[in-house]
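What follows is a pair of complexes built around subunit A, which joins subunit B in one and subunit C in the other.
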Partner chain A sequence: MALQLLLNGLILGSIISLGAIGLSLIYGILNFGHFAHGDLMTLGAYFAYLFTVQLALPLPIAFVIAALLTALTANLLNQILYRHLKERDSVTIMISAVGAALIIRNLIQMFWGPQLKFYDRSIQMPVVLFNGLLRIKPTQITILILSSVLVIGVHLFLSKTKLGKAMRAMSDNTALAQITGINTQQVIFWTWVMSGVLTSSAGILLAMDTHLIPIMGWNLLLPMFAAVILGGIGSPYGAMFGGLVIGISQELSTMFISASYKPGIAFAIMILMLLIKPSGIMGRKV
Partner chain B sequence: MNLTGILSYFIFFLTFAGIYAVMALALNMQRGFAGLFNIGIAGFWAVGSYTTAILTTEPSANYLGGFNLPIIIGLLGAGLISAFLALLVGIPTLRLREDYLGITTIGIAEIIRLIFTNEAWLSYGVRGISGIPKPLRDFAGKYYNIVFLIIVLTVIAVFYYLSEKGIHSPWGRVLRAIREDEEVAKAAGKNVFRYRMEALVFGAFMMGVGGALYAHFTGFVSPEAFKPMQTTFIVWIMLIIGGSGNNFGVLIGSLITWGIWTGTEFITGMLPAAYTTQAATLRVILIGVFLEIVLLNMPDGLFPEKKYNKN
Partner chain C sequence: MKLKSKAAILFLVFVMILGSAGVLAQETVKIGTVLPITGGLASYGQVSRNGTLLAQKQINENGGLLDGLELELINVDTQTQAQVGVDAAQRLVNINNVPAIVGAMSSGITVPIVESVTTPNEVVQISQSATTPVLTDIEDDGYFFRTVPSDALQGIVAGDLAADQGYDSISIIYVNNDYGQGLNDAIIDQFEKRGGEVAESIAFEPSKVSYRSELMNAAEGNPDALVVIAYTDDGGITIIRQALENGFFDEFVFTDGLKAPEIAEGIEGYLEGMYGTTPTSLPGGKGPQLFKEMYMEEYGESTPKPYIDTAYDAVFVLALAIEKAGAAEGPAIKEAVNEILDPDGETVNINEWAKAKQLIAEGKTINYEGASGPVYFDEVGDRAGAIGIWQVQDGDIVEVDVVVQ
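Let's look at the complex of A and B:
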């Protein structure tokens, strides 16, 4: 039971982590909470649905196209909205993001309808391990492998490339990074690209594990924010760690409380963190 | 539609716009004057609605109470419980950056929805609470809607007066100073946390009362009765269009926004019946685009905050 929940938590946690990395970097670099991040995630999942189910392309190709289109959408949001509101207070830019979230979600519902959708309707035989203690579906193995690959990719990008280092520097201290001659416009562009790709991947993995529904990403927004705050705003590694903690806690909590309160766990952890150490585990002072 | 029909529709329209105006005045206290980011308005709304429902309905085996108390107690109780909730939300967040409050209010609105959905002993779950009494019903008779509108307008007048009184007092001056520059206010020895908390709690009290008015007007509350983000968002549009920090502007903003929102219903109503679900989403898209346009082009709203006398 606990082992199974741990596995489910690991899967949910990886998905939250992927979304939270971008959310945390946007927070660090552009200094606002991106409330449309969950709905970008949903959009990525539906883009993949469009290409793999409606246009019958193989899922890996649909995955890549969807990720690129979501990255493009993220940059469009920045170009049309956020860039112009930067000079005003952060509440203005955040309410604009809330508006973007509602627009995206309702566009999705308009085009694809409110019903549940699936990439693949065939029933999968789970692999049974440890005398039935653990059941794992082939797609879940795929999800774990893919999310690990993506996280390692993010790590290599952030630690080995010049652009990645610039991103971390800007997230850590924007003013200082600018003095050292970092091209901030370029860093901002690639931050949105990376966040778009990661959150779209998270959405597709979530849809592979469960199903597609217009509210899916919005439902993960609070867990993603909780992961960002737990790990420390602006810290991509903190976000990865925070995502896993939140995902696993949510699943394990069902042993003690009703499963309908699962979303409350992320919230409870977040409030505890705000009371004890608001800067997060790996974050700077707030 | 004949003249009485038009008139009664107009009264109905004004009542709803008025209930939203209470919410917008409340948000103006929090955001306009104190700079606080509350995107969980729906949560405070729901708490207000349910509190008065439990306090004022006839005793029922299906949920807590009802306690059959007078409606005025219901309104006050709704405000107080909502204010208490704001106190709890404020404790972990008001010492931190404004975004933490935003995230927390979204969270609390979600938790409240979960509680009212799952705790049947408290709120009868998804079935909701019906039979919420209507004030002065026997007295008003067929003029009931007009009487209710007058009640709503009275509540608006009281809150408007209190809010204006507060913002023109030394208390309001400190609040604005904190909004403009927290460090300066701190250097002047002001307890920033306390002032912010007072604005948050006072705003939440108004939201609770607004929620209670809604419950008495419709006579029914359930967890799915209104869409949380949509409701919250409409109140924000009212504030931004009217002019954040200007109570009069916010009232006008409420009227305009509610007019536009109802207007989109007329437009999408002309679509064939097969497109009903699309029509509902189209309305939200239209109002969302409208907000973005206002944010980009008219940042201070129709009635910008007035310049206060420096003396």
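Let's look at the complex of A and C:
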């Protein structure tokens, strides 16, 4: 049972991680909590639904188009909204993100309706391992592989490319990075692109595992923020790690407490972390 | 001088506009509806709203209310959240000054509205779908009614249904609110009375992406079947699919919130022959058939979800009561609801508003054969009703039996 819960947690955790990386970078570079991140995730999943179910393209192609469209939307949000509020304090821009979240979610509901949607209406029977100790669906294996590939991709991008290094530098210390001549506009653009791609991937993977519903991303926002705070604001590696911890501990907690209190675990971890080490595991000093 | 007279004329025009607006405002009778247009129950709320609009249309096209006033429904969205629902109801009562409210959709939102908004403000409230037994005993000074039967009865029928299937042990998974809790307790009582054993009874939070851990707990001890107390879109469908996918359960008993063909879409083969329960109309009366036709004509589809008919009836009953009371005021409407509905009165069908108006003018009582069957309330405002049993057949929902109290 513990093994199965660990696997469930790993799947949930890797999805949270993918969303949290972008959230953390935005927090680090632009210095505000991007509350529309969950709904961007939902939007990505619905874009994929549009292409794979409504327009009957193969899912991998729909995946790529959806990721690009979400990256575009993220940049549009920045151009239309956040860019102009940058000079104000971070609360103003945060509230505007909440507004953007509401707009996105309700547009999704307008276009696709409130009912549950599925990429594939039929269900898959699981592969049974270790005498029934572990059950895993073929899609879940795909999810684990894809999220690993994406995380490795992010790692290579951040550590090997000039742009990735600039991103980390800006997230670490924006003022210092600007002095060294980093093109901040360019870095901000690519940060939104990367966040958009990652969060829409998270949404699509989540929808593959379960289903689509307009509120899906918003419901994951709290665990994502918890992951960001746990890992340290602005630290993409911290966010990856934090996501896995949150996902796995949420699932494992059901061995001890009623499963309906599972979402509370993310809260509890977040509060504990803020009390003990507010800067997070891999974060800079506050 | 010229300027002054111009200003005077402008002022006069302004006053006239204001005055006529005042007259216009007098020409409608407002009733509030508190339904979820967004959130977990949005797909139910949106079609229930269609039900209320249909009643509004029927009434306004056949003479309106009182002396030719139009009925105006004002809907506020609860977002399927109790706090938002209470605020919305508060707004209807204090700003729109409605004397009566239809709603809310779920028991979890209805209970706080009864307690903190409608009862203290002497506003009549009729819920079309709040089924929790809690509402039977709630302190409402007689202001709360419901056009749906209480779950006390549904729990007994569902418990019997599980026992009749030959299940020795079951697990129950229920949505963590008044509705789920009430029904869960009633089912456990009845199933244990019949000699069965309830292995696990687990509450779940709505609208989560995964219920695998809840289901894993529910499956402990290998019970024969899972009773699912949920709504389709805020967890029900997910639970059924994940229970099948992970091999936790292959036998189910469903309750009213899952009475929708969507539950079997794509997994027809697995759910073939499974049973469920739902509060339903008392047998007899042309209402249900008439309503199906009326709904089809207006919206081009057959009634897809439960509680559209009870929403229609809630509005119709309020209209009857306002007509009887002769005024759109809460206390008068409350009295009139109890006076006007009478099993021995003159029969009125759902498409006979003009006749109802006539009968009330003549001082007669009315036997309203509503869209959800004959509508009467007992002394605490609960609907006399029955529980229907339905079955999944070829991926569709078929009603197979009705149990009368």
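Following the convention adopted for this analysis, the second predicted complex is superposed on the first by the 286 of 286 C-alpha atoms of A that agree within 3 Å, B and C clash if a C-alpha of one lies under 4 Å from a C-alpha of the other, contacts with A are read in each partner's own complex, and residues count from 1 in each chain.
Keep in mind that, in the parts below, contacts are C-beta pairs under 8 Å (C-beta built on N, C-alpha and C of every residue); 3 or more make two chains touch, one makes a residue touch a chain.
Because the structure is predicted, anything quoted here is derived from the model rather than measured.
Engineer: With the two complexes overlaid on their shared chain, look at subunit A and say whether subunit B and subunit C clash or fit.
Structural biologist: Overlaying the two structures gives a clash between subunit B and subunit C.
Engineer: Classify the contacts of A:Ser258 with the two partner chains as first (subunit B alone), second (subunit C alone), both, or neither.
Structural biologist: A:Ser258: touches subunit B and subunit C.
Engineer: Just subunit B (first), just subunit C (second), both, or neither: which does A:Asn106 touch?
Structural biologist: both
Engineer: On the A-aligned overlay, A:Asp89 touches which partner chain: subunit B = first, subunit C = second, or both, or neither?
Structural biologist: After superposing on A, A:Asp89 lies in contact with subunit B but is clear of subunit C.
Engineer: Counting only touches as set out at the top, which of subunit B and subunit C does A:Pro126 meet: first, second, both, neither?
Structural biologist: A:Pro126 sits against subunit C, while subunit B stays out of touch.
Engineer: Under the stated touch criterion, which partner chain does A:Phe225 make contact with: subunit B (first), subunit C (second), both, or neither?
Structural biologist: first
Engineer: Tell me the contact category for A:Leu134 with respect to subunit B and subunit C: first, second, both or neither.
Structural biologist: Neither subunit B nor subunit C is touched by A:Leu134.
Engineer: Where does A:Asp209 make contact in the superposed view: on subunit B (first), on subunit C (second), on both, or on neither?
Structural biologist: In the superposed model, A:Asp209 contacts subunit C only, not subunit B.
Engineer: When the two structures are overlaid on chain A, which partner does A:Phe267 contact: first (subunit B), second (subunit C), both, or neither?
Structural biologist: first
Engineer: State whether A:Leu6 touches subunit B only (first), subunit C only (second), both chains, or neither.
Structural biologist: Neither partner.
Engineer: Please state which segment of subunit B collides with subunit C in the superposed model; the candidates are 59-67, 185-193, 203-211 or 221-229.
Structural biologist: 221-229
Engineer: On subunit A, what residues does subunit B touch that subunit C touches as well?
Structural biologist: Overlap of subunit B and subunit C footprints on subunit A: residues 106, 109, 113-114, 258, 260, 263.
Engineer: Given the complex with subunit A, which residues does subunit B contribute to the contact?
Structural biologist: 31, 35, 37, 39, 91-93, 95-100, 102-104, 106-108, 110-111, 114, 117-118, 229-230, 233, 236, 240, 277-278, 281-282, 284-285, 288-289, 291-292, 295-296, 299
Engineer: Using the touch definition up top, name the residues of subunit A that touch subunit B in the complex.
Structural biologist: Against subunit B, subunit A makes touches at 32-33, 35, 80-81, 84-85, 88-92, 94-96, 98-103, 106-107, 109-110, 113-114, 218, 221-222, 225, 229, 258, 260-261, 263-264, 266-267, 270-271, 274-275, 278, 286.
Engineer: Considering only the defined contacts, which subunit C positions touch subunit A in the complex?
Structural biologist: So the residues of subunit C in touch with subunit A come to 38-40, 42-43, 46, 176, 202-205, 207-214, 216-217, 232-233, 237-238, 241-242, 244-247, 262, 265-267, 270.
Engineer: If we count contacts the way the header does, which residues on subunit A are in touch with subunit C in the complex?
Structural biologist: Against subunit C, subunit A makes touches at 1, 4-5, 8, 12, 106, 109, 113-116, 118, 120-126, 128, 135, 137, 206, 209-211, 213-216, 219-220, 251, 254, 258-260, 262-263.
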